[in-house]
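There are structures below to look over.
Across the two complexes that follow, subunit A remains constant while its partner is subunit B and subsequently subunit C.
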Partner chain A sequence: MSSAILEAERMEQTIAAPPANLLTAGPLTRETSDGLAPLQAKAWERFESIPMPLRTNEEWRFSNLKRINLSVYTQPVALDQAAAESLVARSKGLEKAAGRLVFGNDELLSNELFSESLRQKGVIWLPLEQAATEHPELFSKYFMREEAILGGQKFAALHQSQVRAGTFLYVPRGVEIELPVESFHWLHGAGGSCFPHTLIVAEEMSKVTVVDYFQSDSEDSEGFACGMNDLWLGAGANVTYVCAQKWSSKALAFQINSTVVGRDARAVALNLNLGASLARTESVSRLRGQGGRSDMLAVSVADETQELDQRTFQIHEVRNTSSDLLYKNSLDDTARTIFAGLIRVDPGAHQTDAYQKVRNLLLSDESEANSAPGLEIEADDVRCTHGATTGQIDAEEFFYLLSRGIQPKEARKLIVHGFLQEVLDRLGHAAIAELLSEMVHAKFDAKAR
Partner chain B sequence: MSTETVEQFDIDRSVGDFSYPEKHQFDAGVGLTRDTVNYIADVKGEPEWIREFRLRALDVFQKKPMPTNWASKDLEAINFDKIRYYLANGQKATRSWDEVPEDVKRTFERLGIPEQERKFLAGVEAQFDSEAVYSNIKKAVGDQGVIFVGSTDGLMNHPEIFRKWFGKVIPTGDNKFSALNSAVFSGGSFIYVPPGVKVKHPLQAYFRINAENFGQFERTLIIADEGSEVMYMEGCTAPKFETATLHSAVVELVAMKGAKIQYVTVQNWSANVFNLVTKRAIAHEEAEVKWIDCNIGSRLTMKYPGVVLKGRKARGEVISIALASDGQHQDTGAKMVHAADDTTSNIVSKSISVGTGRSTYRGLVHMPKHLKGCKNNTECDALLISPTSRTDTYPAITVRGTGNAAQHEASVSQISAEQIFYMQQRGLTEAQAMSLSVNGFVNDLVRQFPMEYSVELKRLIDMEMEGSVG
Partner chain C sequence: MSSLVIKDLHVSIGDKEIIRGLSLEIPKGEVHAVMGPNGSGKSTLSKAIGGHPDYTITSGEVLLDGENIIGMEPDVRARKGLFLAFQYPMEIPGVSNANFLRAAVQARLPEGEELEATEFYAAMYEKMDFLEIPRTFTSRSVNEGFSGGEKKRNEILQMAMLEPRYAILDETDSGLDIDALKIVSNGVNALRGPNLGVLLITHYQRLLDYIVPDYVHVMVAGRIVQSGGKELALELEEKGYDFIREGIEESASAVL
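Up next, the complex of A and B:
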C-alpha cells in the first residue's frame, strides 16, 4: 500500500463525525464486503448481554473492579498527518526484522516488508482487516475460534465488535522465517481506544517469531486498549511470540491470549508488562497434539499505583504434552500484582509434564502481591508442580554490592534486573531479550529521575 | 479396578455398619424453622442470650447463599428440610462408665474405644448423638483446674469464662454453615486450661451419628490461658445409612500469650455424610496452634482449619492428610492470617486420590499490613493412584511489604513404577508394594499423630491399596 493512499484515507476520516462513546457505539460500522462485518454485529450483542464482572466471580478474585470504567472512552480517534508521521518515526524495534506494521489508534500507518522472498514462499502477511476480506476462508477458520474462558468474555466480545487493526500471519508448511516480524500499536491522544489483534497460523514444521509493541504517545494520556492474540501451531511448528506492553501510566489495558499447540509443536510466549494503570492479561495455552510444548513467560514491573493482573491457564487436552510457566513480578510503591494460574490435565492426558512458577519481589512496604497458583488434575500418570514465592531483596546480596562500592540505588536496580533477566533469557533470542531488557532499564531510569 | 475398590471399601465399612433401635427422649422433628430453634433452647433450658444468639444465626443462615460459586455443586444435594436438627438421649451427661447404657457401650466396643484405653486417656468425652452421654475427666486434670464440659454446660455454668470467646473466633456470619451451627448447635466440648497448666495427656472426644437423616452440629471452644499447654483429639466414625447426613461443626481455639494448643482430628464418616466444618484459632503473643487434620471418610468434606496470628511471634501450623476413595471428595486446606510482626506459619498437606476419588487443597495465606518478619511455608503434595482419580490445588497468597516472605510449593505425582518393580522383585505383591509406597508418602506426617491414630491410619491405607490394584 502506498503512502499516498494512506494519506487520502486519513483525510476522509478527519472530516468524519466525532468518535462515539464506547458503551453506545455499536459494532464498528463496516461495509458488507468486509469479512469482519457479520461477526461484529453478533459480537456487539454478546458484549451488551454479558454483565460486567463482579468481585464474587472467582476469575476476578483480588481484582479492583472499581478501576474499570469503560464509559469514559470513545471509539478510536482519527489521527492527523503530523501525529501519524511522528508515531511511525517513533516505532523503533529490532535492528533486523522481516516485516513491520505500524498502527495508531487502530489505523494502519505503515506497512513494510523487508524480504520479498517470503511472499514468494507463500507467506501471507497482511493487516488483519485486509486479510479478512482477501482470505475469508483462512480467516474464519482461525479468527477467535477459541473462547475467552478466564473471566474476560465481555471484553473479548467488545474486542471482536471493534477490531480492525492487527497482524495476520500465515506461514505455510515447512517455511521458516528467520527474522522476527514486528507490529506496533499506538494509543494517541486522550480518552480513545484501540483493539489490536495478532493472528498467527503456523503450518506444519514452520517457524516464526513475532513481536508486538504496545505504546502510548504520551506518558499521561488516558486510553483503553483491548487486545487479543490467536496463535495456532500445526504439527512440529515453532512459534515465539512476544508482547511488550508500555501503555501510558493512566491507560486501562486488557490482553487476551490464546495459544493452541499441535503435535510436537513448540510455542514460547512472553508478556512484558511495564505500563498501564490497570493491565489485565489472560493467557490460555491448549496442548492439543501429543508431544506439544508450551512455554509461558512474563516479566512485570509494577510501581506507583499500578495494578497488574495476570491470569493463566495451561490445558493439557491430550497425553504426552508439556508446559512450563514462569512469571516474575517486581513491585514498588503501592503497586499490586495478581497472579492466578491453573494447570488442568484432562482425563486421559497421561504423561503430562506441567510446571508453573510465579515469583514476586517486593521493593516497598506498601506493595502487595497476590498469588493463586492452581492445579486440576484428572489423570494419574503425570508430573505437575507449581510454586509461588514472595520475598524481598536479599540483605546479603545487597550488602555485597555495597561493599564493592556500588551505590544503593544502583545495587537495587542490578538485583532486580538479575531477578527478571532469567525470564528474558528463556526466550532463546538474544536480540529480543536485549531489547526487552532495555525497556525494563528505561522504566527504572525514568523513575530514578 | 474400581469395582474391587468398592468391594474392599464395603468390607471395611461394615465394621461400623450397624445401628441400635433409636430411643430419643427429645426430638425436634425434621426441618429447620424458628420453632426448631426455640425448641432446642427450651429443651436445654438455655438463658435468653443463647436463644437470641441462635435465632440471629438462623436469620443469617437463611439469608446466605450456598458457596457454590467456588465450592462443589454437590452441596446442592443437601436437603435442609429433611434433616433432624436436634435429638438427645437424656439431658445430663453421665458421669461414670457404669452408668452408660448397655447398647451405647456396645457401640463403643465395636468402634474400638475400649475401657482399657481409659487409663491412657486423660478424659473421654463421648458424644452419642447430640448430647454427651458419657464424660469422664480424669481426676488429675480436674485437680489442675481444667474445665472440660459440653457446650451447653460450659455456656450455662461457666459463662464468665466461655462467653467472652464464644462466637468470637468464628463469627456467626463467617459462612453459611457456621451460621447453621450457631443456630442449632448441641454437644461438643468446652475446655478451659488455667495459666501455666500443662495437660499431660491428650483430651479426647469421640463423636458418632446414630440416627438416619440426623445432622450433628457440635460446638467446641478451647481456651488455653497464658503459658498453658493442651492437646485435644477428635475422632469420628458413623454407621452407614442410605440417605445423606449432614455434619457441620464449629471449632474455636483461643491460645493466650505463650500457650500451646494441638488439635488432632481423624475424620472417618461413612460415605454418605456431608462434613462441612469451620475450624479456626486465635494465637496471641508467642502462642502456638497446631491443627493435625486427617480426612478419610465422608461423601464431601469441606474443612480449612485456620489460625489468626494475632500476637507477636505467634506460630500456626496445619498438617493435613486426605484420602479420597471412590465417590469421595476431600476438599480440605488451611488458612493463615498474619496480623502481627514476626509471626510464622507452616502448612503441609498430603492427599491421596484412589479410584474416582477427588482431593482438593484450598489455601489462604494473608500478610496484609505493614508487618515485619512474617514467614509462611506451604507444601502440598498429591498422589494419584488410579487413572480416574482427580486432584486440585487452589492456594491464594497475599503478601504486602518488604519485611515478609511466603513460599508455596505443590506437586502432583503417581507412585513410581520403578519403586513398585523393585519391591515386587524382592517378593512383595503389587498391593503390598503400593501400600508401602503410599505409607512412605505420608509417613513423615503420620508420625506427628498420636500413636494409636497413626496405627489406624496405616491399616486404613493398607486396606485401600489392597482394593485398588489388581
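Up next, the complex of A and C:
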C-alpha cells in the first residue's frame, strides 16, 4: 500500500516537469539577473522567424534535409546523481590539462579549475552561464558577435536561445597557458538536446590551447547537439582549438565555428568528426589583421549511413594574411560527405595567401564524397589555390602491407590512419594528436567487432 | 619437405602468359639466384608466389615445406613464412616504420596476445644497428622520401624482424650504389643460415659478388633454361644473355 503511494508520488514528480519540445520550448527560462536572458528572448524570435533551410539553398546543396527533424527532440533533460557521476568518471582526456569542465545535458557536472597563479595573472575561466552574469561587459563584447553566414542561421539562433553550457576563457595580454584547457559535453538519454558553447578571447601576445570533447553516454542514444564556438585572437596571439566529436551514431549534430584573427596572430583549429547520424559543421575564419594566419583542419571518419556535411569560409579582409585549410575524409559503407568551401579575398586584401585542400578516401564502392571548392577574389597580387581529390586505397600499397603478413582489416586501418595522420601532425601538439588518433582507432576497432 | 618447391608454374597477366612452366626447388639453408634478361618474367615470378591479385596462376604448384600456398591470401602466405623483398618498395604515407613493423610482428602472434613493446623495440634497434640504419627511421613514414639505398635496407630490416622461412629478393641491387649494396648484402649474408632459403632475383652479376649463391638458374621467356653453380653467373656476365638465347634457339630447332 505505502509503496504504491510512493510509486505514484514519484510518477507525479516526473510528470511535473517534462522537458519541453524544442520547437515550442521558447527561450530557456531565465532569471532577469542572468546576463543571457535578454539575448535569448530575441534569439528565440529569430529562430521562429527564419524558415527551415531548403535543398535549393546554395548553402544546403547536397544535404539530406529529410534527416533534420527537430520536432523529435526536447530541451535538455536533467540528470540523476548516478548518471552525473558516471559521466564525470568517463570524462577522460589528456594526461595533463590546465583545467577541466564537464557538462552533461548542458548541466555543469564538474569544475576542476586551474591554478591560482593563472587567476592572479587575470585569466578568466568560467562556465559560460556564470561568465555572462559576472563579466557582462566582456561577455557581450564577444559572445556571438559574428553572424552565422553559411546556412546555419536558424540553428545559430536556436543555439543562442537555449545556450547555458560551455567554456568562457579570457586570456589577458602576454599570458601563456602552457597546458591545454579541456571541456567535456555529454548527451545523455534519448531524445534530449545540448547546446555547447566555447568562447575564447586571447588578447595580444597570449597563447592557449583548448580541447572540447563531445560524446554520448551510449551508442544507442538519440539526441540533438547544436554547438558553437567563438575564437577571438588579438595581435600576435596564438590559439589552438580542437573539437573532438563522437556523438552517438544516432545523434543529429550542428557545429558552427567562428574564428577572428588579428594582426600577426595564429589560429589553428581542428575538428575531429567521428559520430552522429548527420553532422554539419560550418567554419568561418576571418583574417582581420595583417600578418594573421589561420589553419583550418578536419579529420572525418564516416561509415554506415553517416552523413558529414562540412562548410567552410576563409575570408581575407585585409592584406598580407594567410589561411590554409586541409580536410580529410575517410568514407566506408554507404556514408556520404559533403565539403563546400569558399575562399574570399576582399577588395584591397593584396598579398593574400590562401590554400584549400580536401582529400577523400573511399573504402567502399557505395560511399559518396561531394566536394565543391570555390574562390571569390577581389584583390590583385594574391595567391589562392584549391583542390579536391577523391581516391581509393592504392592496391600496391595494400599488397605491400599484406605481403608482410598484416591482415587485410588491419592493413586498411593502417592505411587510413596514415592518410589522416598528416592532418593530426599539423596540430603541432603530439599529445593531442595521439589522443585523437586513439579515438579514430577506437572507431575502427568497434567496427571490427 | 624443408624446401620451397615451384612445380610447373604457369602465370598470366590478363590474357598474356608470362611464366610458362617453371620449376625450381630451394631447400632451406641454400641461396638460389635466378638471373635473366628484362622481360623474362623474373618479377612476375616473385609477385605470383607472393599472391599479388593481378597475377593469375593458371596451373602448377608452389609448396612451402610441402604445403601448397596457391590460392591462399597474400597475408596468410606471409605468416606461413614467405617474405618478398620488393624491387620498388611502396611508400605508405603517415604510417611510421615502427608502427608498420609492430603490426607485422603482432600479426604473427596468437589471437589475443599483445606484443611486448620493450622487447620489440630492443629487437628492432639491434637489427637497425647492424644494418646501419639510424634510429630516426622508426618515426619516419614507411619508405616515404627514402633514398633507393634506404628503401632496400628497410626491406632487409623487415626481413630480419619477420624471420621468414623463405625469402624472395626481387632485384634487391637495383638503385643501390656500391656502399649501399655492401650494407644490404652484409645484411642478407647475416641472415643466411640453415633456417632460411633464399631466392635471389637479379639482372646483374654484381650482386652475386657480395651474396654468393649456392646455385644459379637462368630464366628466359618464363622458363628456367639453364642451371649451374655460381660460375654460371660469371659466364653470363662475360658472354651476355645472348649466348643462352642462342642455345635455346638451337635446341628448339633441333627438336623441330
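We adopt the following convention: the second predicted complex is superposed on the first by the 432 of 449 C-alpha atoms of A that agree within 3 Å, B and C clash if a C-alpha of one lies under 4 Å from a C-alpha of the other, contacts with A are read in each partner's own complex, and residues count from 1 in each chain.
Simple rule for what comes next: contacts are C-beta pairs under 8 Å (C-beta built on N, C-alpha and C of every residue); 3 or more make two chains touch, one makes a residue touch a chain.
Note that the structure is a prediction, hence the values are computed from the model and not measured.
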item: Contacts of A:369 with subunit B and subunit C, given as first, second, both or neither; value: first
item: Partner chain(s) touched by A:24 [first = subunit B, second = subunit C, both, neither]; value: neither
item: First, second, both or neither for A:117, with subunit B first and subunit C second; value: neither
item: Contacts of A:350 with subunit B and subunit C, given as first, second, both or neither; value: first
item: When both partners are placed on the shared chain, which of subunit B and subunit C touches more of subunit A; value: B
item: First (subunit B), second (subunit C), both or neither touched by A:388; value: first
item: Which of subunit B and subunit C A:49 touches, first, second, both or neither; value: neither
item: Which superposed partner A:71 touches (first subunit B, second subunit C, both, neither); value: neither
item: Contact footprint of subunit C on subunit A as seen in their complex; value: 394-397, 399-408, 410-411, 414-415, 417-422
item: Subunit A - residues contacting subunit B, complex; value: 56-58, 61-62, 347-348, 350, 360, 362-393
item: In the complex, subunit B residues that touch subunit A; value: 69-70, 368, 370, 382, 384-414
item: Complex interface listing, subunit C residues touching subunit A; value: 50-54, 73-75, 78-79, 83-84, 86, 89-95, 99-100, 103-104, 107-108, 141, 158, 162
